[in-house]
Amino acid sequence: MAGNTFGTLFKVTTFGESHGIAIGGIIDGCPAGVSIDLEFIQAELDRRKPGQSAIVTQRKEPDTVEFYSGIFEGITTGTPIGFVIKNANQKSKDYSHIKDSFRPSHADYTYDKKYGIRDYRGGGRSSARETACRVVAGAIAKQVLTNLKFNAYVSRVGNIDIDKDYTTLDLSLTESNIVRCPDVEKAAEMEQYIKQIRKEGDTVGGVVSCVISGVPIGLGEPVFDRLHAALGKAMLSINAVKGFEYGSGFEGAKLKGSQHNDLFNEDGSTKTNLSGGIQGGISNGMDIYFNVAFKPVATIMQDQKTIDKEGNIVTMQGKGRHDPCVVPRAVPIVEAMAALVLVDYWLINRAAKK
Amino acid sequence: MAGNTFGTLFKVTTFGESHGIAIGGIIDGCPAGVSIDLEFIQAELDRRKPGQSAIVTQRKEPDTVEFYSGIFEGITTGTPIGFVIKNANQKSKDYSHIKDSFRPSHADYTYDKKYGIRDYRGGGRSSARETACRVVAGAIAKQVLTNLKFNAYVSRVGNIDIDKDYTTLDLSLTESNIVRCPDVEKAAEMEQYIKQIRKEGDTVGGVVSCVISGVPIGLGEPVFDRLHAALGKAMLSINAVKGFEYGSGFEGAKLKGSQHNDLFNEDGSTKTNLSGGIQGGISNGMDIYFNVAFKPVATIMQDQKTIDKEGNIVTMQGKGRHDPCVVPRAVPIVEAMAALVLVDYWLINRAAKK
Amino acid sequence: MAGNTFGTLFKVTTFGESHGIAIGGIIDGCPAGVSIDLEFIQAELDRRKPGQSAIVTQRKEPDTVEFYSGIFEGITTGTPIGFVIKNANQKSKDYSHIKDSFRPSHADYTYDKKYGIRDYRGGGRSSARETACRVVAGAIAKQVLTNLKFNAYVSRVGNIDIDKDYTTLDLSLTESNIVRCPDVEKAAEMEQYIKQIRKEGDTVGGVVSCVISGVPIGLGEPVFDRLHAALGKAMLSINAVKGFEYGSGFEGAKLKGSQHNDLFNEDGSTKTNLSGGIQGGISNGMDIYFNVAFKPVATIMQDQKTIDKEGNIVTMQGKGRHDPCVVPRAVPIVEAMAALVLVDYWLINRAAKK
Amino acid sequence: MAGNTFGTLFKVTTFGESHGIAIGGIIDGCPAGVSIDLEFIQAELDRRKPGQSAIVTQRKEPDTVEFYSGIFEGITTGTPIGFVIKNANQKSKDYSHIKDSFRPSHADYTYDKKYGIRDYRGGGRSSARETACRVVAGAIAKQVLTNLKFNAYVSRVGNIDIDKDYTTLDLSLTESNIVRCPDVEKAAEMEQYIKQIRKEGDTVGGVVSCVISGVPIGLGEPVFDRLHAALGKAMLSINAVKGFEYGSGFEGAKLKGSQHNDLFNEDGSTKTNLSGGIQGGISNGMDIYFNVAFKPVATIMQDQKTIDKEGNIVTMQGKGRHDPCVVPRAVPIVEAMAALVLVDYWLINRAAKK
């Protein structure tokens, strides 16, 4: 399907393998006249970058983005924005352990069966490295949507959950710690847990939550392209994501209508917000919030039995530098994908009325 | 965005308001040469139909589908399949209570703000009545995918959860009770609970689970159109859905990699299946399974305060015949949307290799 | 590809075979708040209708359109507009002559090879009968674009060409004669010629020209979706069309730059308009004009040698009631497709600037 | 609309301004397992390159393409193919003459009005420089479609037309002369004419014809995505194109059905081919052929009156190095776009039958 394009009017297409020459993308349909702050884009990339702290992979990738088109004298021109991030880490390493074998719970087996060939170096296209391009595009989307605020944060690492409603958190504290959890006490706990997990040669899953404020009323295109359906697809397209819920989510399935309904204030806002800012698939102006579940990274530093291409059982040992837990680095990716959905629907909504 | 089309190669477009003349749709891209069993389609519609049991809305809608094109002498011709379901229930009733007021947690307010106008009769386009068209299309998709089996069932109603892995259930029992829960003891409990909720004039949420067997390896289009991302979007596009998780889902976020990884058998199948049949966004041949959370129906038979178009607080009382719990009728809808995703990706995957 | 959908934001999907139960379509993405004049739509259909004059096919099809959704109290609601035109002419006639044989220069052979099956009755989906749905959708598009004027007319029948620039014609005379040629003297000549051709059991081709006035500046999406590229595709998608040219067209290929350049007036309009109202793929506010070439109808009332499904040479004689020349009935179809392109690009252009 | 993407399953997206840092693109959906000959791609680019002969622009652009992803050890992997062509010619020249004024019959005025801003250097995005990316993508498409042959050639320059059916030409002679006209006598005439035109500081239009052989039966997606409609759109999306006709084209409009119909041979091929290899929008296995009309280049080396942004009349003199006639360099572009259409429809057609 040529599945590397996202969006309808604000359309992002990406390319690139983990250990190829470069990754990059094209943002097509960005409105003209937007001032672009390149430093902001690089800062967003730095939030995702490997090697940024003691609890993420220690790979070295400067992740410097170069723009080739679409921005003229600092302003978008309405033409496609081409950008490239060179891969620093593309030297021929020893991949013999994964060239002919399939890592458990990775994409090795399925890519091989689907395409009959795969670039095995570092996971190739299935590596989360491609999400750097999403962060670049999302950083531009954020600069279009200057009235919206995207606040993602870590709300769970393994069994440590912040157990708090976002309205009781100070989201300005998210970047105050390397876990990116606004509850600083829980953050410290999570950090210790991730370090311990890494020592064990293991990995652990987690949850990223996201709040979007300042959303105008009316975004969403029923019936198939409801706003939350698009958000869900966007989040589920991120590596390692296993679930998405918005507003009351899976807890809402336990409630009664009399508990769940959001009653109106006179100005059209609602007293509660179990709807999560979206009703009938269309934003109602309240905060949009949602949770995204990430599985533990599949590469562990322990021996595992697996099979090679001939179906022989072989022993594989994790190599290389991998994240013990992806959620700290996933925070800017979740925000980026949210921004891409919102900017697309914001543009589309201009066609709603005559 | 013209959000009423689903799919890329197997493309379904639907139309229709709850109380308009008819609902219907066009299935474009159905391969030629498929034998169509019209009775099967009607049987699928009957599983979704109002009035089918004591625990669903008692509205009368025969939901008889008429096909206008695309099927010739019982066989699909490759041309678009047009179909129509006439609305029996379109008489002018008294809608004065919702014409100028917004029902809490419904789509009244957001449609009005987005479009400046809405067909308020029975919820108009935002009514779940449109899902009948999805069931028709899904029933055709199922007849294309004769090797696949779609088994959805109710796994939770309010606080009653079956708490069982699908592999320990006898899914052939799903249709043995009106709740559509294969755990017959829990089903009886759920049925009583729904009846009690209805007596209270209230509603309750629930969860539908779904298992897809017989899926060929290779379906899914990374990076944005991963198979589970498409499934998630499909499910989240169904009325009242608040969450989607597949495989280990939100529970997976609590696990370690050493617990979560699915080790291979020599034939490429896996010993466990926390991956949920999808790795790297591509099916691996194992069962695909997922959960879909539904909120409680917003229309309750109790007085609620709300606002009218001028922002005045008014009291609104639920009227009409509504479902106390949507999940029993949602089961065929979940299957239909799953079939639409699978058939589309199955066709798309034909282009993967030279 | 599911090729029965046209447009991106204003999206039209059609279904229906010539001799099936009905044809119809769905218009998705029509902006809310548009007043719809149903009589105007029917009047547009009547301009395309068979049996309307002595020089078109004498088949009887009332072509009455019924709307099922999307219009509430005479106003579009922003939801999909479903419509159906019942086929009057669907009785089982004698199709034995085409059931197993392929009519020369028809779509019989290619449909059979592509799909392995075809509805042979009256040409099935390949019949120009489907264009009635385009006229319905185009009539709604025209009511969205109230500031634009679409004037198509017949400029050639066989070797009779009006040989006049549209600026020297009185386009209000187009509907004054059954040929739909605004040059009334040429129209009379053409009418006689068509009648003579029909007597011979033959058919003849022609050209439809079209002028669009009142187009706002800025419509068109380079580089692949230039406005004239979309117009060209729209016209070439009409049955029997063999060519499209706009502005100076094929004559422009003979000219020098010094002859062809359109010099500006001070207000941004141009002194000449060889550009045809489009520069760089974007409308410049001048009249858009173009020509569309139609081949002669393939069904002739003369014996022709052809082959049957087994490759045997057989003799086939044209039967039924067919148009001796399609261009008089093609005029409203050309306008409809032009309106569909313009309304789509008008909506899309709202996203051009921040 | 984000108009810089072409294709549905074989999807090409391009970026880049004439005088920006680079142009480039992403080919998404190329089947896995295709051997890629990089020298062939560069050779195709060289056919389009400026400075290649005495009758084209003498600008210097090496047009060296670099591939960043999607090809592994010389074979496509099914993942997106990213590529970049650096601009050699991006030095700050003196653009004061076009910065604030609009060149007649260029895209300056319409881009400015549409986007409110434009990169005026060398025409920015509206420059035909972007077609280099089409040639790259087309060269890959050709390597997928190894059984098809794409033969474009110049058939007219100004008033010099070869006046010959392609079946009477030796198409292997196309590359034997710098005009790319297989009729070598006419080619010499055309070359002299272009040189004379250039001396006059003028430009001239022309026609490129194209023949595609070896096309399998069944490509094309009625009703809106007929194969020739897609070809027409592809050609009309090329800079300076004013018209497209296939098979009998505009001449066909003059004929009678009895003259125009293509009678079958016993094997399903046809004795004549006025249909141009496409019937009912679907390829019938015969050669596809079509003509593409190009207007004269708008930049002439003569003084012209025009307006500046304030609407003042100013005198503008053509500067820089421009093509006196684009058709010799357009030949590989026409072939590339034809290959892109054919490869996309070839992949799509795999979904036609069950």
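Per-chain numbering from 1; labels A, B, C and D assigned in written order.
Simple rule for what comes next: a contact is a pair of C-beta atoms (placed from the backbone, for glycine too) under 8 Å apart; a residue touches a chain by one contact, two chains touch by 3 or more.
Every value quoted in this text rests on a predicted model; they were computed, and no experiment measured them.
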Note, CA centroid farthest from chain C's centroid sits on chain A
By C-beta contact count, A-D versus A-C, the higher one is A-D
Taking each chain's mean CA coordinate, chain A and chain D are separated, in whole Å, by 39
Chain A and chain C have mean C-alpha positions lying a whole-number Å distance apart equal to 46
Chain C residues touching 2+ other chains are 1-5, 8-10, 14, 29, 32-33, 78-79, 114-116, 125, 222, 348, 351-353
Contact graph of the chains (line, ring, star, complete, other): complete
Residue set of chain D touching chain A in the complex reads 1-5, 7-11, 13-17, 20-26, 28-29, 32-33, 66-70, 72, 75, 77-82, 84, 114-119, 124-125
Residue set of chain D touching chain C in the complex reads 1-6, 8-9, 14, 102, 104-107, 109-111, 113-116, 125-126, 130, 156, 158-159, 197, 202-207, 217-218, 220-226, 228-230, 232-234, 236-237, 242-250, 252-268, 270, 274-276, 278-284, 291, 293-300, 302, 304-307, 311-313, 345, 348-349, 351-353
Within the complex, chain C is touched by chain A residues 8-10, 29, 31-34, 76, 78-79, 144, 222, 347-348, 350-354
